[in-house]
């Protein structure tokens, strides 16, 4: 029949096809990724031990950069702001859930509403930053116009060190909330209607239904929202760069912005020092990466 | 007194009417099973009783209370779902106690009732497990436990066993029967499994397209169906239907040419009717020559013999014991004249004689 | 409140809800609406202190005309296109392959390689800045679209691999086995069986990556400068520096920069949302 | 004798007026050399400061704008700027002599200047007239003027410190007027500690103004351009700025009659009056590919006629002493006069001090303007930074 | 000649051995069914034959070729999956012809073979549809067609019908039987459905935990099981097992106190053995008083009566006809002595007499 084959003279590739194929498919991706992502992480560790202006040869200074970091007030401001970012950015999760619940109805045109609510996530943070800069503008900004109606006086959100970080985070929460909202909307779609009916028979209503039955079922969505929000908080750069450029007097810096400033801005070009900041940032993120990979590992094993 | 009474109950989804004015009385303590083909409205009807669907028109009473517009949680009903609908993030104990907790019962009462239900269902060992760590049968047991704990007047089951494998299904079926005897509450049960319906029910309600076709005890429906639909639906393998020519005092069977000494009402004289013959009442006569054996499927104790008459009509006969028919054999059949039923070919109504 | 569907609640509450929706939307999009409004105001409105009233006259054509005719915005937009499209193609192609390899084959290092991609994807990318910039300089690709595209492809491969692999995992493995039993070479299985099935994933991913890359600002600043290679996100800052305090023009510029991803979102909404959920929640 | 080949020029003249000036000038140069392929890139002024390091190493143009003084140092030291001493030999060198020192490092010249401009106080003459004020000559007059302005419900000075350097203008002047040019130069060169009492005196003077409420509120939120409307709307009476601001102020609706200029007043008697006069320059990167063309261009820009022409349009001062100053422009002529009489010229804080110090310093100035009470902490911080940077 | 021979076939996943040295011969043209409880290794064994799983040790021959290390495509087998595994982006025709196309067969040959297969399976109408536009049964037919087209020596089926609903399952079962008759190729078929196994198989292989318990024709296993496991597994409802005390020349039934005149081998004398009694061979004696009726499940033509003896042992008896036992009745049973089987209580081996 048609399928007889003489396996004696099969090529070496043919015989090892199943073992070899995945690697052939992986090679381009792995190479690119190693070259541009994995190796640079390690390079950064190395560079953080150098005093190097980005030109020519750096000189090794051991842990000097870290020692300096230890005494650098700007570093602590950045670190503090990063923690504020982390904490407050997470508000996007309940906010997103709230909006998702609000929109999770079937009335005519709701799809359009959902899409429009999602807008902020799609536009560039550069534009979001600009928009909010004007929103906060102490002379004509909408915010101050608004609170002016109630007789409160202009708040210089982006120019005041006490408010600036919160102001930027609020701007960041806008798109991030939209993101969490869409995650929850899809999560809500996957909620088992029978469980809700069971809960209705059990007499759960309103907030208690939400708290005891809905939210536990949204756990996967919450997990993802948590991960993307943490990553977003730690990567925050665009908004700060656009809205305040780190100011006033460096009070709105976060680590990622500070390292950019140190390493690549007009006054900087201290690559080693920048890399040291990056390493600290990386170590913070590593906690979350480990947590995430661990959860994924458990899940993979579970299958 | 907590029977359930439906009075011209109607359900519309938008303009589509799916339940067409159902009148039904279910007595206190009765085990009532809804059967019918897929999409006939069994679940909808059950959910209307539970209050999970609004009733468009008509009334629903539980005991003497008109519950038509009441909240599900106030109707005194508990429901067991096909997919169990357990809360995956709660332990078995929490699942069972959730309803009481939501209704503000004190902890000690909850503990006690959960303990009792888990004793009845032999779930004590699993109380602190999450549903994911239970087998299908155990999960279904928990979901029944959740219903019991709330001490409802009426239990509602929507195909509770259809997600279980054959063996477990049998086991759970027996369990539910035992439960009914033990608790004595009114139970309404939706299924499309013949065996469940026949074995569990005090009363079977056969639905078709939102209308009740017949209500009655299982054997009543089996022996005395009102129409071809019910006759074909109850009993497995299904009743065979062949055509017969009505003559003055007898009916001539198309497939065999034999005549049956039955006097049908005169309007049928000269017309063609449908003859119903249950496979279990047919005996194969190896000496005959009216049918050829298409396939004979032997299951050990019983075989199903697929027969084809020369006029193309098909029959299935159940054969017991060691006599075997082989494919291609020519055989005849015999049956007791009294086991035959007649149906109007157009209206499918039973022609009683 | 959630599970009570609105159509089951009282008529008054339904009406309240229906009228609440547009109000909420306007509040939610207020900053954006304001910018859109700014962009059609004449310059005079601003010097007259008329920021929040309706435009005294419609100056949309003039403002947008200046954005397109008197600035470098068109070039920046074009750059964005030439950066985004190749990145999307490259990242999707690479990750279709890696996703296939990791999703279909069981080999020892499978999970390790997969986690490498995932972990890399979550790295705060600032840590890559110094070395990647240096690397790009050394390759002579600094301030070229190619340099930016190559990096984006590599970095996005992490996320895309996570996405594709999970998608492929969810395909019925029997399809592969059926093909193997039929004696079909592995690369042909990829090409004829898996790739066609991945169409929805590819579409979703393409849309997602498009917005990510289009909106990238950080790497645009790190790896490019000047109008010959910078994308519109970075270009908008130069544009704004040029027209600082000319709010009508800055607004028009911002709107122009924001429109492509927004349009993409609207056209490909289904894929976009599928992408987010598939990629994230799998 | 048309040049041929390529010429790639990077400019930071991103504001509308200078942008146009340069484009015209380059077009004329192109007219002279029709075979030359000129490619001009104009980069946002703030962004340019970040990018110059990148493109000097990676993607060098043939000509790039920059600034004189210490600001050249980071690029001269690693050899990123081409030595153009040969251009300075002969007549051109003599014509540009006034800025030669500012262009010289290690005895060599690294670029040519094309323009410089004075700093001073631009004020609303109409408001001053209305209040019966005159241009102040001393700090006391300045303060009393200011009080009068404040009493009229206006702010004395507008300023936008979002990008920091505007605050440095105030510091430079206050420090030069309080402690003198030499002290200021020692400070920016790291030879004096920031915690020195004399520095504190400068800040004390500044604080008097701050405490009066002389500056507009919320200045941290504005760029220098965004600060102009306060002056234009009459909410603030004056602006300490470089002369390049005149165009922008007029664009905002202030007429020539309404706008006037005075020299920053004396603070301590006997301290000679030095002025800020930043010089804008053109350089050839060492990685340039068409150095010959670049030199020709530099020579062209440095020439007397061209400087006359472009500075007339820029509203600034030509460096070439053979050029003529636009006498029709009262600000230019006043400035020219003022600078000619100046005891010495400073480049500007961020050009006199090393870049890193400039950054830390200017942040300190901004913080001081918002939180004057933090002065000690600020100065301690600056001192610590200086110890590291100047080592 | 393309029978399949397994010779001490062993499969290990890492350290876990799931197939423990299987020896099996399947003749050319035979229809062989693997049955056994879930997880016993049916699928694994089938996939080893297909080449989708490596064989850890032992040999597999198809015809006279040792295929143990061959690629799936070279073994001359075709496989039909439970989930059909149709390529959703191809039409029925493309699905069926895909393997041939990829292996470089000319278009005309492909057309011809597809046409033939679709004729056999009555798929002609659907050739240009995509799988999504087909019903479950049609899809399964296409997947069988795909197998036919390649003209394999051996067909492998892994629970091909378990995704279909009851009615379709019966229909497709008959279809597969017909196909086997028509094509005559060797077929190996995995199922856990009793009825499929009994009706389709020439030979049933009963597996338990990676070991063959018994091989034989369906009725052979039904009538003459080698051990308690096979006896309980084949036949529905399952065989009843009660205990008996062996005496010299007879066996005393614990539940009833009756004795059976059977002389068991002497080593068993004085020991307790397990007695196997099929429900269909038990007749209920309404006059007796040894059992109480626990539940009587009536399905119409047949009822299953659950009996409990006074010593707690339980039995199920099948009851036909109109005689009904009611719950709580006291009854006795009778059965033909020859239908009884004995099993060693410890080893569960059959004790043949």
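Per-chain numbering from 1; labels A, B, C, D and E assigned in written order.
The criterion applied here is as follows: contacts are C-beta pairs under 8 Å (C-beta built on N, C-alpha and C of every residue); 3 or more make two chains touch, one makes a residue touch a chain.
Listed by chain with UniProt protein names: A = ABC transporter permease; B, E = ABC transporter ATP-binding protein; C = sn-glycerol-3-phosphate transport system permease protein UgpE.
Remember, it's a predicted structure, so these values are computed and weren't measured experimentally.
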Those chains which touch subunit C and also touch subunit B: A, E
Copies subunit B and subunit E - rotation angle from C-alpha fit, nearest 5 degrees: 175
Chain separated most widely from subunit E, comparing mean CA positions: D
Cα-centroid distance, subunit A relative to subunit E, in whole angstrom: 55
Computed distance of Cα centres, subunit E from subunit D, in Å: 93
Gap in Å, rounded to a whole number, between the CA centres of subunit D and subunit C: 41
For subunit A, residues that touch 2 or more chains besides their own: 3, 54, 199-200, 205, 264
In subunit E, residues with contacts to at least two other chains: 71, 73-74, 103, 150
Where subunit D touches two or more other chains, by residue: 54, 57, 229
Contacting residues of subunit E [partner subunit B, same complex]: 174, 177, 194-195, 198-199, 218-219, 222, 234-236, 278-281, 295, 297-302, 306, 318, 320
Contact set on subunit A toward subunit B in their complex: 192, 194-195, 197-205, 208, 212-213, 216-217, 219
Touching residues (chain side subunit C, partner subunit D) in the complex: 47, 49, 137, 140, 142-143, 225-228, 237-238, 241-242, 244-245
Contacting residues of subunit E [partner subunit C, same complex]: 50-52, 71-74, 77-79, 81-85, 87-89, 98-99, 102-103, 143, 146, 150
Of subunit D, residues touching subunit A in the complex: 49-50, 52-54, 57, 74, 78, 80, 161-164, 217-222, 229, 355-356, 358-359, 363-364, 366-367, 370-371, 381, 388
